Each structure stands twice: as C-alpha cells, then as structure tokens.
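What follows are several structures.
Both complexes below contain subunit A, partnered by subunit B and then by subunit C.
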Partner chain A sequence: MNKKPRIKDNNLLLDALIWVIMIFVLVACVVPFLYIIAMSFSSSRAILNNRVSLWPVEFSTEAYRQVFAYPNFFNAYGNTLFYTFFGTLIALCMMLVFAYPLSKTRLKGQGIVMKLVVFSMFFGGGLVPNYLLISSLRMTGTVFAILLPFAINQFNLIILINFIRSIPEELEEAARIDGMNYFGILVRIIVPLSTAALATVGLYTAVFFWNDWFYSLIYLRSTQYPVMLLLRNIVNGTTMVGEAGGVGEKAFIAIAIKSAVIITSTLPIILLYPFLQKYFVKGMLIGAVKG
Partner chain B sequence: MKKLVSLLLAILMVLGLAPLALMEEPIAISLYYSDNATLPFRQDWPVIQQLEKQYNVKLNFEPIPMADYGTKAGLALSTGENTPDVMLYLSTGGAYASYALNGAIVPISDYAEWTPHFNARVEEMGLQQDVDLNRLSDGKLYFLPSLYDLPFYDGGLIMREDYLKAKGFEPPKTFDDFYNIMKAYKEDFPDSYPLTSIVGLRVVQRMTMPSFGVSVGRNTGTGTGTLSWNYDTNEYFAGAISDEYKAYITFMAKLHAEGLLDPELEQDNASTAKKLATGAAMAVYGYYDQIGGWEQASEIEGLKLNMYPPLEGPGGAHHQPKSKTGGGLLFPIGVSKRADFEQVVRKLDEVFYSEEAAKLWCFGVEGDSYTMDGDKVVYNDTILGSADGIYKYMQNAYGTGCAGLQNVWYLENELTKYDENYARINADVAAMDNAIQYTVPVPSFDDITAEDASLLQTTLLDAFNVWDDEFRTGKKSIETDWDAFVQDMKDKGIEKFLELYNAHKKL
Partner chain C sequence: MDAGGTQKGAPMKNDPLIHRRRLKAGRYFANNWQLYVMMLVPLVYFLLFKYVPMFGNILAFRRFRPLTGPFGVRWEGLRYFNQFLSQPDFWRAFRNTLTLAAMNLVINFPIPIMFAILLNELRSLKFKKLVQTVSYMPRFVSTVVVISILTEMLSPSSGMLNRLIQQLTGQPGVFYMNEAAYFRPLYILTDMWQYTGWSAIIYLAAITGINGDLFEAGRIDGASRVQLIWYVTLPTILPTIMVMFILRVGHLLSLGFEKVLLMYTPSNSVVSDIIDTYVYRMSIAATAPQYSYATAIGLFSGVIGLILVSSSNLLSRKLTGESIY
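Right after this comes the complex of A and B.
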C-alpha cells in the first residue's frame, strides 16, 4: 500500500527534475538568440552602453538596412538557397541509389564496397589533392564543385542503409512477384517508406550546405560565394594577423550589424527544424538501430 | 539624289565607326584582392572606373574575404591551379618565400624594364634600399611592394583628454606620467581598468615595448617572437631573456597588480568600444580612425579622446617599428605564360604606380571628388560634410585610400584627408628622435634553414607566451622565477635561434 505513493512521488520528483533541466537547456538556447534579435533591432549607442537585454532599446532597423546594402548580399543569399536546395536534392538522389543496393547483404561485393565507404569516412585525401582533383575535373569556378563532391556523405549513407534494411524484405518480394523491377521497387516502395530517414538525412545535408563557407571559398569565384562566407567576413573577417594586422585591427563593425547578419542568415534554416522534427527524431532512432 | 544622300550617310557612318574599330581592345587582367568587411569592395568605385577608362584595361577583381585571403592565395600558389594574373596585398614573407623559390611566383625583378613607373617612384622616394631588403636568398625580388615615403603614426596611445583637463594633468610624456594618470583614474573609478586594448595584448605589446628597447611576443618587432633588434649594433639579441624585457614585464605586472590594466585584453573591437563608452576604461592602444566611433557611442557628457605621441621609457620614446614597403603585387607563374605578359605587367605598373594613378588612388577623380585650388586639394562639399570623416567616406564612396589597392602613399597627401589635430600629432611624432624605427628585414633563409628556424620559433614563442602571461598576472614571480624562465628559453634553443638569425641577417 505504501509503495504506490512512493513510486508516484519518485516519478513526480523525476519529472520535476527533467522539467528543470529541460527548461534550463531551453533558456540556455533561447536567451542568446533573443539577445541577438534584441541587439539587431537596437541602436549601437544603446548596445555599447549596456542598455540592451532581451528587448530592443531605441528600436531601429538601421542594422538590417545596412546589411541589405552590402554588395552581393542578396546574390550570396540566392547562392546559398540554390546550393542548399539542389545540393540536398542531388545528395538525396545519389545516396538513395547507393544505399538501396548496399542494404542488400546478398549482393556480391557489398562488403568490400561498405568497407571502402567506411574507410573513406575516416581517411580523406587532404585539401591539396582534393583541390587538384576538383580542378582537373574542371569543376572549380562552377556550382558543381559544391554540388557534386559532397553529394554522398558516408555517415548519412550508413543511416540510410540501416533504415532501408529495416524495411521488411517481404514487401519487395511481393512487388517482384507482381512484376515490378528494382527501380520501381525503389521509387514506389522504398522511398515512400523511408520518408523519416530521408527527412533526417535531408536535414543534415541541408544544414551542411547552408553552413558551408570553406569549400565555396576555395572552389568558387566571389560572385558564387554563399551568404555564410559573407557572414563570416562580417562577423570575424576583420581578424588578420601579420603584416596587414593594422587594417583588420582598425576595422570596426557595429554589434547591431553583426547581430542582424546572424539573424538573417540563420533564421531560415532554424525555421526548417520544426517542420522536419517529427521525421528527424523518428529517423534518428530507426536509423540508429539495425532492424 | 536620295540614293546619293543615303550613300553619303552610309560612308559617314562607316567613317564614324572607324576610330572604334581602330581602338585596341582593353587588356583583361584578373586580380585577387583582400576584401575587408568594413570596406566592402565595389567594382563600380569611381577610381576603378576611371582607371579602366584611362588606361584601357579591364580589371577583373576577385574580392576574397580578408580572413581567408591567405588560404585562397596559398592554395592557388601551391597547386598552380586557377591562379589569377596578379595577387594584391602580398609579400614574400613566410610560406610565400618558399612558393617563390620553388618557382610558383614570377621573379618580377627580372623584368625591371617593364616596370618604369614603379622604378621611378622608388627612386623619387629614395626607397631602393628598402625595396632591396625584400629580395630573397637568390637576390631576386618576387613582388612589387607598396611604397610609403614616410611612416604614418596612425595608431598609438589614445586617452580621455577630457579627464586629463578636468584633473589638471599635462599630456603624458613618459610611462611614469601615464602610470600616475591611470592611478588617479582608478582612485576616482575603482571599478574601472584604465588601460585596455583593441583586439588583444599583442597590440599593446607591439606599441609599447620599443620604448623599453625590446620587441617580443606575438606579432611584434622582428616577427621572430623572442628575438629583438639592436638598432645600434645592427644585430639580433635574445630579447625575451634580456634585461629590457625584464623591465617591461615588471612594469606590466605592476599595472596588472594595481588593477590598471584590463585583464580581458583578448577582445573584439566592440568590447573595447563598450569599455571606453561607459568609462570602464580611459586609455587604449588603438587607431586614430576609431576615435570618432568611440566618442559617438558614449553617453558620458563631454567625453573626448585624443591620440598622443609615443611615451618615453628606458629605451627612449618609440612606436612600433614600421617599414616603408608593404604588401604589393605578386605575380603567380601562370601569368608569364600569357602571350601578352609584357603588356599585363606594363599595364599593372601604370595602374598602380604611375604618378596619375597614384593621385587617383589617393584623391579620387579630379572634378568629382576634389578640385585643385592652386596647389591645394579641395574636396567636394559632400565629402567635407560627411559624418564619417573625409578618409572613411572617400574609402567607401570612391575606393580611395584602400590598403591593398593603393600602392603609393605620400604622408602629405594622406594628411589632407584628416583633421588638423591628426596632422599636428604626426608632425610632433616626425619631429621626435627616430620615434618610428624601421622594421628588420626577414633573413635570407634557404628552405631547410627556414624550417629549422620556424620549428624553434614556434616552440620558443609558445613557451614565452605562457611565461609572459604568468609574469604579468602574478602567477609567477619576476624576482624568483626569472632564472628558471631564462633557463627554459635556453633549453628550448633561444641561443641557437639567435645564431641562425644573426648568421642570415640582411643588414
């Protein structure tokens, strides 16, 4: 008789603890973001005099006006959207057609190909050889230098392979008996049943393309640069050491502008999360456990 | 009759087009440019438009973010792929010397007859020796440096002038004066740390150490980190373990211990601005350009900042050493394969070093940004009335005065873009006894020696930075731990490092 309430109490205590921790995590994540939003809409004077907390002071949209006036800002934004959309689309298509056959353990050579995939996950060619490879393929200065080399990510591929393995083989057998070929099975059975995994992998890939600045820097021309490179230059780009140190040291970019750039460049990808979250969580769980 | 008129008109039209057909196609040149986010590059800057028109050239700039410029340029040079015709704002220091000696960069001194304007400016400014110091171990020059007739005093000690006046302090002349002012401020505002810095400790070190007769640490003096240059004997000495450094670090430790030195020196410029704007600091080692922004940001009534000449210490009154040559035009080897290589070099020489182009890069387009009143440059009303100040406004609106683009700098011309106060400070500094000493040229190491030196440099500098930090913050005692520090630096090879540098010095 006495045990029941104790369990309840324990549950209550545990629940409370979980709530406290989760609220703490939530606050830790949301407060800096709110602070950045508040600063982006405040005057520089108010920010520098420590008068801004979580609400804009001396409301101003000047920072956004200046950000939008940056040469190439909209062009860079357009580039980012392009790389993110088409990069993710190409990546999903390529990973799907790679993952499906690799999910079949009966396939000859599947083990060797898997080992090669895993090997390349841990050992890369290095920056210079990769650059020479992309260059010799005449892809530098073209969008393909970003879209193609990163189309297959080994980690995402393994998630997808494991997910496809978890789909009952009987479904495919039934389809084959009905005369469907492998491509048909992939498109009509595997893809519709893999939305959770595809959403997860798609989100990972989209975030990669959205955040990338380094590969764009080395492979592309300035007119093709994504917004993240512009953001990096604005937020951190004035740091330069060595002979030219003075130029960077003199540079001063208002905190309000930095904040506005951070908001404009991160908001779209943040907004994507809630729509994909349900798939994301499911995909993570299912992909992680071999079925 | 109608047909005759038509024929005549047709002939006239063809004749009218003839000059166009005869005009040479502009030479297209691709350039890497180090783009500063505070001054975003614009291809439509009037200066660039005018240069293209005036010299019949198409300048295809590739603006690369400043922080990543080295990565992009280094990768292009090391692979030899996708290199532009010219890279701006680079010299052959560090890894670039290796690229040059391994054939990735055109030895531009081999084509001296193609750069008559550069040669003329060097002669006119009397900079032949300074330029020659940039030659590598094979005796060749691998880039055309930017040229300065006199070093600028564009940054240094900036302090609250209003506080000095209110308390009856004279402008400081020595580090003792400076200490007394900071001490008074600390007493008035106990929560403050009177001296702060932009970017980090390295700026303070770079700008103050020369007055103590030494220049060591990250990003200072000789670029070696732990060696210094003796300007009397023209040789390196082990600055990090010298008595001069001991005197310097003792002074800094005193500032730290008494709460006069900001303990958070590694900061971005916005944090510095905050501290100055709120009175949490009253002095900073920074740049004159920044004063306006800091003053505008403050809500303290009457806050007025001013820049002061270098303070006198045990080693005299000196600012950070400066070179009369800087990063300039570096030609990747690929451009030499162009059939019109000679024309490209000649064109770039004209665009960056000719007398007319130098005026354009400094003043903008005559009749647009300025007019001449006799010998005097008069800027237009918009420029003169700009809240950003002449210099900054012209940079953004016209593309003048941009480091990396302008390669010929005359102090007198530049001062026309600043207020009288700045000109006065520069005149005061110029009148001092060698306040801005020359920078020591990088020794002519071969590849293997350069690697040995680089390994020693990293080891020594890493250890030095730790000791320096501990001495300054009082974690280690200068009195009791000094010998251990010296021994540690010796164990890490400072004597061998010194020997290497003295054996290969250029002066």
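Right after this comes the complex of A and C.
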C-alpha cells in the first residue's frame, strides 16, 4: 500500500496515554516474576528484614541448593517431563489420525461425527462421571489416568481439521493416481505439510500436561505427583522442603524455597515461549475461523 | 404413487437400479475403507472418554454402589435433585457462581477489546510486538504458579504489598488470601492478568483485517482518531465481539474451577464456594462421597450451561446474523 501523507490528526495526548497504558501492562506482566526471582536468590536474613523487593539482596543460591537436595523434587520433575512428553505424543497421534478423515467433507458420516465433536464442547459428563469412568476402568493410580483421557481435545482437533482442509486437494489426487493409499498420504503428504499446525497443537497439549495438578491430585499416588502438584503442596503447607519447617530466621528460607520451586517449574515455559510464540498465536487464529 | 410403492417394497432380483446402486456403494467402500479404519480407534476413544461420561450423568437419577461401575444400581427418580434444591449450601454455591461469573464477565470481557484497539493505535511496530509477546505469556503459566506468586506477594508478613502499606500507614498486615472480601477482586484481577493479552489476539486479528479504505475515507472526511475508533473500528469488529460474547456466556458457569480451588480457604468459603468446588467437596474430596448427589448438581449446572449457549446463540443470530453453529 502506498500511504498518502497523513492529514494532521496527530493526537499527541492520545499517543502519550496509550504509551503509558502499555508500559503499565508490561510492568504488570513482568513484576510478579521479578519479585519471585529476587526472593529466590536472596538470603533468608534479607527476606526476614524485609529488604527484598525487585532485586536479589545478599545474593544466595541456598534456596536452590535445598530444593535440589530434596529427592522428591527431582522425582516430581521427572514425572512432569514424562507426562508432558508421552501425553503430547499420544494426543498428537490420536488427533492426527482423527482429523485427517474428518477433514474430508465428502466422506459419509463425517458430518455426524463433527456434530458429536462440537456438541461435546458444550455439554459433557461433569467431574463425577469422568472420575467414576476412570476408576471403573481401573486406571486410578496409574499414569494412564493422566496420559489417556485428555488426548482428544475438541478445540485442538478443530484446529487440525481446519488446517488439513487448507492443503490443496490436487496433491492428494496426484498421490492417489500414483497408487498411494490413504495411510501413505497421511504419513508422506499430510504430516510434512501440517508441521506448523502440529507444532501449535503440540505446544498447547504440552502446556496442558506441564501445568496440570488437579487431575494428578485426584487420580495419582504421591510418588507419581508432577512438579506443579508438589508446588501446590509446598505452598499450602502439606509438604515441607529442606529447613522450611524451622522456626525464627530459618522459617524465612521457606519463602525463598517456594520462590525457587516456582522459578524452576516455570522456567521451561518462560525460556521457550519467546521462540515458540508465533506457533501459539497461529493456533488461536486457525481455531477462530470456526468460532 | 401406488406402483412406485410396490416396487420399493419388493424389489426384483435383477433390478438394474438396485444393481447399479450396489455397485456404486461397493466402489465407494473400496475407495474409502481406509479412511474409516483410520477413524475407528480415535472415534472409539473419543466416544469412551467424552460420551460415556455424558451418559454417566444418568447416575443423577440412580443410587451409586461402590465397585459396580459408574452408572449406579437402582432408579431413585428425582430424589437427589430434591435433596440439593432444599440444601442452603447448594444455593450459596449457586449464588456465588452467578455473582463471580457475572462480575468477571462485566469486567474482563471489555478489557481485551479495549486493549486490542489501543495496541493497534501504537505506531511503533517494535514496541507493539514487545507488548504483544509479553502480555500473551501469562496465559501459559500454570494456575498453581499464579496463585503461589499471588500468595507470596500478598503474604501478611513478608509480602510486597503489606510491607508497602506498613511503611506508608504503619497499619498491620492484612491476610488478603484469607479474607472473604478480597476473594472476588483477586479472582478477577488474576484472570485479567492471565488472559487480557491472549483474548486480545482475536480482536487484533479482526482489526488488522479491516479494509484500509474505510479509515482513509474517514480521514478524508476529517474524522479524528478517536472518531475513527468509534465509527469504523468498533462497528467493523462487532461480529467478532458478538461471537466471543456468545462463547463467554455459554461458558458462564464454568469458572476457573482449579483456580478457585487453589484460592479456597475455610474462612473465605462464604464467597469462594462455587458449584464446582461444592460438587468436588461432596464427592471426590469427601470422606463419605455422595456421588449421585454430586452428579445431580453437575448435571443441573451442565444443562443450564447448554441452555445459556443455545439461547445466546439464537439471540445473536436474530440480532446480528452471527452465530457459532
């Protein structure tokens, strides 16, 4: 577009106001993290004396050392990695194999299945029917209670279906004429061309598994708990780490320890997010075509 | 017609029409059977984990007995419904749900729209990109982490806010997370923090899609930027706003259950006990679980949710021609 020179409507006041608001938004998003980082790297004495605000005081890695010395922490972190990796893998396979046939509107029965999918977005079994299903499948206390039930997410499925529909039909027709069957087309044509959508859906799923604590609480045993549930238990006082149970000055290490767990459990998301941001946003927009 | 009727009822063996139809069906099957095979596993899987629990709602009308499956053993009619409808605790949870949901909708629905419009007015593309990147991030942070940070920042002894207030006024610290009066504001504030940037994406995309000629024409007519927002941007993204509103109203009752559960303490339960936490407390978290009773409440709120979606959808189609299905 060749923009004509603007007619004089440079409302400076408006611009200044918008800048102030946006800077406020930035600060509001970042400050909570800065505060927690500062707390996690400060000495317990500095925390006790209320000297920490947004920058570490009397820099100390004591809290991290205590967290890393706590065996349950690594166990929980390993559990989280396990659920995130395999949960996402299973979900991607399931949804891909479901989305490809459903992307074909000419397929008989496709319409009915799509209606079932959309209806289940608005109405479903509540907490109790789901819980009773999992327990009567004998899945409580096993990792399958976390890995399996959430594999097909309707919103993610629709993202995939919409994306596959946008792949030109001619490619498939050419492959069909060459004698390739639908399984071959799915693996050799659809998958390589849908990497962007798969990345998006994979990321949403991975974030879901990484952040889950509630389903782990109701379905799993304590040795199977993921790191988010460990954090929740530390914060509400169910679990004590290191010297956090002590009194007086030692009690203040608890604040640093909580902060250190918050930071270590969120770090992967904070670090990876800026690089993967475009995939996250893409999914929101593909999914919105339907919504 | 009579002749046609008899033909349909008793087809002849070598009827060419039937033969051709069978041939066609055979060819359709030969061409597509692989797609059906492919769909088989995920479809069964989908039905098992989405539709079996849906039919599991039948437990609301049946008595539960342990180890006999999720569907109950004996019909009880509306017994469990009568039970909860006469229970003051249920009505408290019901009122709390509606109040919190309505307040959250009124405050947190318009804010992303305003945010998107203002973001679009930024002339520095670099700064715009930065604000977008940073403001989307909280969406991906676990609710556990959000509430943990909040708890630390608001801690009565060491929290940032209390220290600031103490320094300024000398008043003793307030245990915000435990005070009923602060539960709703904190819920709404954390929702704002987590979702404002993310929810703005849709509106931002809609604004970007507006034909530039509209703004140009407005400018030539001498409209100011504020007038352009009011008379061009807002009306053009109204359909998007409408669709998002339907979605929000449809999911009105499904508040952030996990967040409420994390914020729930006995002393703020007067306002923080919502339908979902009540169901949870009565069933899975209870020492003597009342599964049928809890299912009845879950079904009740699920049906209300369904009515909300379909009626707001219908209303929107009548008013604006926009609907989600």
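In the analysis below, the second predicted complex is superposed on the first by the 225 of 291 C-alpha atoms of A that agree within 3 Å, B and C clash if a C-alpha of one lies under 4 Å from a C-alpha of the other, contacts with A are read in each partner's own complex, and residues count from 1 in each chain.
Quick note on the criterion: a residue touches a chain if its C-beta (ideal position, glycine included) is under 8 Å from a C-beta of that chain, and two chains touch if they have at least 3 such contacts.
Source: prediction; values computed, not measured.
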Discussion item. Once chain A of both complexes is superposed, is A:168 in touch with subunit B (first), subunit C (second), both, or neither?
Written reply: neither
Worksheet item: Now for A:44: first (subunit B), second (subunit C), both, or neither, which partner does it touch?
Response: first
Practice prompt. May I ask you to decide whether A:232 touches subunit B, subunit C, both, or neither, giving the answer as first, second, both or neither?
Written response: both
Worksheet item: After superposition on the shared chain, which partner residues are touched by A:127: those of subunit B (first), subunit C (second), both, or neither?
Response: both
Practice prompt. Please work out whether A:181 is in contact with subunit B alone, subunit C alone, both, or neither, and reply first, second, both or neither.
Written response: second
Worksheet item: Counting only touches as set out at the top, which of subunit B and subunit C does A:70 meet: first, second, both, neither?
Response: first
Practice prompt. Pick one for A:117: touches subunit B only (first), subunit C only (second), both, or neither.
Written response: second
Discussion item. Output check: A:221 vs subunit B and subunit C. Expected answer is one of first, second, both, neither. What do you get?
Written reply: first
Worksheet item: Residues of subunit A touched: more by subunit B or subunit C?
Response: C
Discussion item. Taking the superposition on A as described, I'd like to know which of subunit B and subunit C A:78 touches: first, second, both or neither.
Written reply: neither
Item to complete: Under the contact definition given at the top, report the residues of subunit A touching subunit B in one complex and subunit C in the other.
Response: 47, 50, 127-128, 131-132, 135, 218, 229, 232, 252, 255, 258
Worksheet item: What residues of subunit A sit close enough to touch subunit B in their complex?
Response: 44-45, 47-50, 70-72, 127-128, 131-132, 135, 140-141, 217-218, 221-222, 229-230, 232-234, 236-255, 258
Worksheet item: In the complex formed with subunit A, which residues of subunit C make contact?
Response: 28, 32, 34-36, 38-39, 41-43, 45-57, 59, 64, 69-70, 115, 118-119, 121-123, 127, 130-131, 133-138, 140-145, 147-153, 155, 158, 160, 163, 193, 196-198, 201-202, 205, 212, 216, 219-220, 222, 224-226, 243, 247, 250, 257-258, 261-262, 276, 279-280, 283-284, 291, 294-295, 298-299, 301-303, 305-306, 309, 324-325
Discussion item. Quick check: in the complex, which residue numbers of subunit B touch subunit A?
Written reply: 34-42, 62-69, 71-72, 75, 78-79, 81-82, 89, 91, 93-94, 154-155, 198-199, 203, 218-219, 269-270, 273-274, 277-278, 286-287, 289-290, 293, 296-299, 326-327, 403-404
Fill in: subunit A residues within the subunit C interface of the complex
1, 4, 6-7, 9, 11, 14-15, 18-19, 21-22, 25-26, 28-30, 32-33, 35-36, 39, 47, 50, 53, 94-95, 97-98, 100-102, 104, 107-109, 113, 116-118, 120, 122-133, 135-136, 148-149, 151-152, 181-183, 186, 207, 210-211, 213-214, 218, 228-229, 231-232, 235, 252, 255, 258-259, 262, 265-266, 269-270, 273-274, 277, 280-281, 284-285, 288, 291
